[in-house]
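Please go over the structures that come below.
Next come two complexes, and both contain subunit A; in the first it sits with subunit B, in the second with subunit C.
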Partner chain A sequence: MGVVEISQHVDARGLSCPMPIVKTAQAIKTVAPGELIEVLATDPGSVKDVAAWSRTTGNELVEQSVDGAVYRFVLRRK
Partner chain B sequence: MDEPLNLVLFSGTDDRLQAAAILTAGAAALGKPVNLFLQYWALDAFRADRIGADHGLSPEAGAAGRAAVDGLRKAGQASWAETFRQAKELGGVDIEACSLSMDLLHLEQSDLDPLVDGVEGVTAFYLNAGEGQVVFI
Partner chain C sequence: MTFVAERPETTIAESALPAPEPAPASDDAAQHDILIINYSGELEKTWATMLLASTAGAMGVRCRVFLTFWGLQNFVKDEKWITGQNWMQKMMAAMQRPGISHRKLSKMNFMGMGPWMMGRLAKQQRNPSPKELLAIAQEMGVEFIPCQMTMDMFGLTRDDLIDGMSEPVGAATVIELMAQGSSPLFI
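Let's turn to the complex of A and B:
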């Protein structure tokens, strides 16, 4: 994937369950359908949680990476 | 995901209330409606003048549990009240006080934190619960 245009950033680093997902759900509502949000989290549980949230809500997880202790997720609002 | 999650809160200790708040927030983040019914000591914990106070932990926590909970709060974990507020921001969360418990504790709705949306009896709670699960905490 080339350069991605992020419409909303969520910094959930240092937050524990359920806050990374709560912040993600709050943020997705602030962007238009088709737009992207980026979520940063340090909670290891967030990997499965974000995947499950994406599958359940239909907001596509387009990109996922880890840099040291920080997980990065890019999601597209459906 | 369309059936509501229905939580009856009985216990008023901070650990059980936090557990309830996390279950609520997780459901709300998935778009699942949540109905909460506050009874007894859980209702007491939602009093406007007490909601931020230390409500203690279940006896099973012990000293080690107390230290663990304090450690997580010190690391920045939100209080259960704040977790409920964040969950409500997502929409679909309704918090009702049990009218019998209101009588028991001699409370008016004005005594309660604004997190509480209203007062109802068990019948209204069951009606709103629909086919969703009812969980007792």
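Let's turn to the complex of A and C:
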């Protein structure tokens, strides 16, 4: 994937359910439609939960990866 | 009305991170409101209610929480000790202090030792407390609706309850919401 511009970063590392989702929901409201946010989390449950949040809210999960114990998600505001 | 369950097949062999699934065309008709009937006032059940309510709010799913019997005790301001108009109502409050920060566990309470340890563990794990989750839920637009009958039974006034709550209603409002398709949850 090419260079993508992230408008907002969310550090949810060390936080447990449901805080990664809560922080994601709070952050997405601060960017304009079409803009991207990046979420970092260490909660293993966040892999499924961020996907469920994306499907339910309609904000697209454009990228996800894992680096050691840190999960990274890039989401585009609907 | 028919609902098609979209449940992607998953297997144990699935890699740690499945490829991002494309956002499906959102089907508004299939999205229910959620109605939580919070009847219990024990710490663990209060925690579950607040966790689900705040998550529903974060997911943009409309969520109402109807507070009845012991559930409404969670919504009395934390600083209150005695509520009620007559001696029996006051006695009830004295027997179990109201307020979300004064909940007891249904099991392993041990004179407050259990809740204290649970609070410590949650803090270590950086789990938000029920009170913090409640604030998040309110910020995310979850509606907290007191039961009028419970307010009368315990002699509670609007001033006893925390700010930001909806107008008190009765059981008919709850039944109407369920009849209209709100997914009910009784905690």
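The rule is simple: the second predicted complex is superposed on the first by the 78 of 78 C-alpha atoms of A that agree within 3 Å, B and C clash if a C-alpha of one lies under 4 Å from a C-alpha of the other, contacts with A are read in each partner's own complex, and residues count from 1 in each chain.
To be clear about the criterion, a residue touches a chain if its C-beta (ideal position, glycine included) is under 8 Å from a C-beta of that chain, and two chains touch if they have at least 3 such contacts.
As the structure is a computational prediction, the values presented were derived from the model and not from experiment.
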Query - subunit C versus subunit B on the shared subunit A, clash or fit after superposition - result: clash
Report task. Classify the contacts of A:65 with the two partner chains as first (subunit B alone), second (subunit C alone), both, or neither. Result -> second
Query raised in the report: Per the overlay, which chain contacts more subunit A residues, subunit B or subunit C?
Result: C
Query raised in the report: So, A:31: does it touch subunit B (first), subunit C (second), both, or neither?
Result: neither
Query raised in the report: Regarding the shared-chain residue A:57, is it in contact with subunit B (first), subunit C (second), both, or neither?
Result: both
Report task. Once the structures are superposed on A, label A:47 by its partner contacts, choosing first (subunit B), second (subunit C), both or neither. Result -> second
Requested in this report: Please identify the positions on subunit A that touch both subunit B and subunit C, taking each partner from its own complex.
Outcome: 14-19, 21-22, 24-26, 53, 56-57
Report summary line: Counting only contacts in the complex, subunit A reaches subunit C at residues 14-19, 21-22, 24-26, 47, 51-66, 71, 78
Query - Interface residues, subunit A side, partner subunit B - complex - result: 14-19, 21-22, 24-26, 53, 56-57
Query - Contacting residues of subunit C [partner subunit A, same complex] - result: 16-18, 20-24, 26, 31, 51, 54-55, 57-61, 125-128, 133, 136, 140
Query raised in the report: For subunit B, which residues count as touching subunit A in their complex?
Result: 1, 22, 25-26, 28-31, 72, 75-78, 83, 86-87, 89-90
